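In what comes next, subunit A is part of two complexes: it sits with subunit B in the first one and with subunit C in the second one.
Entry: the complex of A and B
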């Protein structure tokens, strides 16, 4: 197990390097430079000042030199400074990470907490009324543009009915409130973004849980369990769910990168100052340093998620031996 | 019982798509107004017999814009999926049939791309706006004129949009095709073809690839819906199809400003996207069922 883990972790390094090369290349496809955004429309900035700025950021160097410098700094966990406000990228990320993590962890809990029971309930009687109703809802759910749902929710609940806040994370005067009131207020602001972030993955996951459990229910050992007269509930929960929900672990691992990138749309629409909005703003302003940092961290999380899912899978399912014969 | 239920839905999806295709093709004849005709005195009118779906902030007829938007959305969906199928099937076929280091290199590439948060990368590519770089392709020897003609006919930004959506989504297809081909390779009819001396290329093109395509069809059908969704998000964020060309996503983007006063601007394009993507998903699942039953 330990040897397997080490090997997998080492194998991540080249993949991660390739990802950074690839995204570095793509970002440098852009015809302009980030200094354009700062200086082009500002007649006060002279050509010399602009060149000084380009030198400062190393933009006058060829791409591979820029990449080399970037990589050697990243190895020391320094993602450089934002072109926009000259603050360290890590600092900018650190202040936004908790917000995005809160939103997405809650969304993930919501999704798994609702989707899995729905899928299980539908699989118990395939073709039954419950199954057919959820099938229709699931299809609607993942055919829907989530940002559209957000807009409709906003129009109905925030603008027309005024039940929920329109955007942001806190009320204007929240600074002076007691902590519990601020927490309630934040929960209040999170209802719509959460619902929107959750709805699409909810549909996909419940479908997956249903298919996976249906597969298990067809197995011989399920027939055996029923044939030896075990009560229906025990057959379902002990024999069915334990096997049927194993693949869900993989999905959980695959959802790890969503913790960072899953809420770009919701954060943009509801003006929530999280990582998704940071990325959107950085991309629009060609803030290379921030874009590269977020892509790299996102990729690292994806790889870690896959790895953790495989480990968890092996731990939960004794039939799977990792690192054995290969 | 269940089979009939599912197949009826798939049929409904197919019929809906046929209808939509006809409507998109006939948009110039069906649309009651000019989709680009600005008419400020009639801005933000609610749905009425004159304007079935109301008018937008510039007084343009929403129904006409939706009809023309259907063309853009469908074309983007199909071409993006075309790109993704072309790359996915080629990579999967080569990796599966050659094996060895070719397979290893291609599959590591797939792993790498799958590990990138794709939506992040897609946003980055499109926001970097490489249109100028693309136009420079027109100066290339031999293939240059073809590129130049292409960009004359189609806005290079639209080409980038379609290519980028396609290039971010071929990895699943490549894995699928590779797996199919690996299992087909061991089948007797392939062995027989090899015995009669068919070349590697002939086996690949006439025996392996056509037989590996069935699951790809499902993937492609679902993919068109996915691509339409992606286009709508990008256009909503202001990075997709640029106004004044109407696309369902940018109609939504324009409606955002008037969200509180003109709900029809937000409701109708969303319903159009929902129904279209739903139709593709139902059709795709129906085909999957049909293949599984075979």
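Entry: the complex of A and C
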């Protein structure tokens, strides 16, 4: 098991390197430079000033030289400074990570907490009334554009009813409040974004849970379990769920990178300064340093997530462990 | 710190006297202090140092925290800001600024000519990543004559120099040993302005507080809260619940969506022409567009009024040239283009374009008159303008294909390399009418701004003269002629000047629109005590 894990870990390194080479190449292939935002189409900025800025940022060097410099810095865990505001990239990420993590962890708990029971309940009697009604509802949520749903939510709950704030994270005066009041205030601001995220992502997971449980319920050993007279609940929860939810572990593992990658749409609509907006704005401004840091971290987490899912699988299913060790 | 304490003290005296039933110890005509203004902005700031601030959000904040030597007043005249007065030498090459005495930085240190010289040194320091160095490179020497006097000597007369000293002055005592590119003062600025920096939650909020010792007088509004709301629709909903006090509207919002009873009683809308214009630029190295008759014909064929009505909902004015009517450089004798399809057809016929093969399009030598109009993605107004232009030109038999592309590609692959036939774009300009970078024939290198390739020796001459002349009357004559020649030559079809459309909560008094806009007297804005919405905050 240990050797298997080590080997898997080592195999990640070349993959990760390749990902960075490709991303670095692609973002540099895109037309434009980070200094454009500062200098472009401003008649007050001369051509010489623009070229000097490019030189100061090292952007006049060939791409492979720039990549070499970047890699040697990253090897020392220094992701450099953002071109947009000259702040260390890690500082910018650290500033945005807490809110995105909070939002995503809460959303993940909410979505799993609702979707899995929905899927399980629907699988017990496929084609039944509950199955059909939930199917329609979750797909309705899934097919609605999230920005539209968000705007509808704001118009109803914030503008018409005045129950919830329209957008943002804190009340304007929150700075001077006690911590518990600030926490409540933030929770109050998060209700709408969380609800919208949950509604649009229920479908995938609940359908997944339903399908995989149905697969299991059709297995011979389930019939055996029922035939030997076990009560329905024990059959379902002990034999059925344990096997049926294996794919859910994979999904959970694959959600790991999602935890730090916020949704651009939700963050923009709700004025939440999270990772999604950071990444989007960095790409639009060709802020190479920030883009590369986020891509690298995202790739690392994806690889780690896969790895952890495999480990969890191995723990749950010995056959996989044996297969991997050969 | 002492400033803050005295501020709090003043307020508690006021509270006590109100409790005792006494009248406030302020003269009756003096407006009340207090309250906060919440400004809604689509974008966040990036760097809060004047030399490095290049986006409009950073500009908004920097404008309240720092002062330049000069500023524009409500009628767009340059007046003293930190400078009390200035002299320009007879050869127009030396400017001597006399600073106001007694001005203090937010930390209490005095502001002197040394700070001005320091700012100048940083502006031309090649290691400082400022995009604004260009205006200061003509300076030969900067000499501090005494604590409040500084003299700049220019290599040649340069009229925009005066405007360039609207650049915010930096505190030498704090920044002398800092690397300006990365200093912590980029996010914690200290200036001389009416508001001092308080906090910045990235992507969320910037808060400023009134500076009690501001040299004009303490601004009446206690707090300036700059909320970043990146989505236009959300910003509008925030207006509907009264959570934003001041923001800019789109033409659609201004004309169609803000006419409800609630919004009318709660907000005041303003409109005034912005400094900038939209245009159709022709690549003059294209043989078809090199003929001035063709360019004039296309301008005559475009229905300017229909564009202003249809796209801007009437919230703008057809442009006759590069200046808005509020500018002294605007030449009122240049007649606005009125649509004349017959005249356009006549001019095109003179240039050899005629409909001969019955396909509905003009042709010459067997080639139909067909060109591609390119513009950038993400600007709904431009897309609509392009479609209207396409429709208008179809009526004279010119076939326009529209191509919309991502901004960077658009600029680098097409504009910079001059691989375009016609382009739809806009310029926003400073208050000074200098157009050297846009229309001088030397500015046609890759990445420079005369990308249409306009060359007119008389305009070249005038643009140089305009830069070297300080006298307003003489400059007026120069730019009036530039305006007239550009209207004749039509290197661009000047389309329109759009209006700026701010909306401000009615509880703020003294808000008025002038040629300079509405913010120029911001420190005079105040709210009567009964209408104040945000409570005074205790300084900690």
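Quick note on the criterion: the second predicted complex is superposed on the first by the 307 of 326 C-alpha atoms of A that agree within 3 Å, B and C clash if a C-alpha of one lies under 4 Å from a C-alpha of the other, contacts with A are read in each partner's own complex, and residues count from 1 in each chain.
By our rule, a contact is a pair of C-beta atoms (placed from the backbone, for glycine too) under 8 Å apart; a residue touches a chain by one contact, two chains touch by 3 or more.
For clarity, every value in this text was computed on a predicted model and none was experimentally measured.
Enquirer: Just checking: does A:169 make contact with subunit B only, subunit C only, both, or neither of them? Give me first, second, both or neither.
Expert: Touch status of A:169: second partner only.
Enquirer: Quick one: is A:154 in contact with subunit B, with subunit C, with both, or with neither? Answer first, second, both or neither.
Expert: So A:154 meets both subunit B and subunit C here.
Enquirer: Under the stated touch criterion, which partner chain does A:240 make contact with: subunit B (first), subunit C (second), both, or neither?
Expert: After superposition on chain A, A:240 lies in contact with neither partner.
Enquirer: A:142 contacts which: subunit B (first), subunit C (second), both, neither?
Expert: In the superposition, A:142 contacts subunit B only.
Enquirer: Contact-wise, after the overlay, does A:277 reach subunit B, subunit C, both or neither (first, second, both, neither)?
Expert: In the superposition, A:277 touches subunit C alone.
Enquirer: Given the touch rule stated above, what does A:19 touch, subunit B (first), subunit C (second), both, or neither?
Expert: first
Enquirer: Quick one: is A:96 in contact with subunit B, with subunit C, with both, or with neither? Answer first, second, both or neither.
Expert: second
Enquirer: Just subunit B (first), just subunit C (second), both, or neither: which does A:80 touch?
Expert: In the superposition, A:80 contacts neither subunit B nor subunit C.
Enquirer: Looking at the overlay, does A:268 come into contact with subunit B only (first), subunit C only (second), both, or neither?
Expert: It touches subunit B and subunit C both.
Enquirer: Show which residues of subunit A both subunit B and subunit C reach, each in its own complex.
Expert: After superposing on chain A, subunit A residues 30-32, 151, 154-155, 159, 268, 286 contact both subunit B and subunit C.
Enquirer: Which subunit A residues qualify as touching subunit C in the complex?
Expert: By the definition above, subunit A touches subunit C via 30-32, 36-50, 52-53, 56-57, 81, 84-87, 92, 95-96, 151, 154-155, 158-159, 162, 165-170, 172-173, 175-176, 268-271, 273, 277-278, 286.
Enquirer: For a test of understanding, state which residues of subunit C touch subunit A in their complex under the given definition.
Expert: It comes out as residues 36, 38, 44, 46-47, 52, 54-55, 126-127, 129-135, 181-182, 186-187, 199, 201-205, 225, 227-231, 233-234, 237-238, 240-241, 243, 406-409, 411-413, 427, 429-430, 435, 437-438, 445, 447-449, 534-535, 537-538, 540.
Enquirer: Mind pulling up the subunit A residues that touch subunit B in the complex?
Expert: Residues of subunit A touching subunit B: 14-16, 18-19, 22-23, 26-27, 29-32, 126-127, 132, 139-140, 142-145, 147-148, 151-152, 154-155, 159-160, 257, 260-261, 264-265, 268, 279-280, 283-284, 286, 291, 294-295, 298-299, 302-303, 306.
Enquirer: In the complex, go through subunit B and note every residue touching subunit A.
Expert: 1-2, 5, 108-109, 111-117, 119-121, 123-125, 127-133, 225, 229, 232-233, 236-237, 252, 255-256, 259-260, 263, 266-267, 269-270, 273-274, 277-278, 280-282
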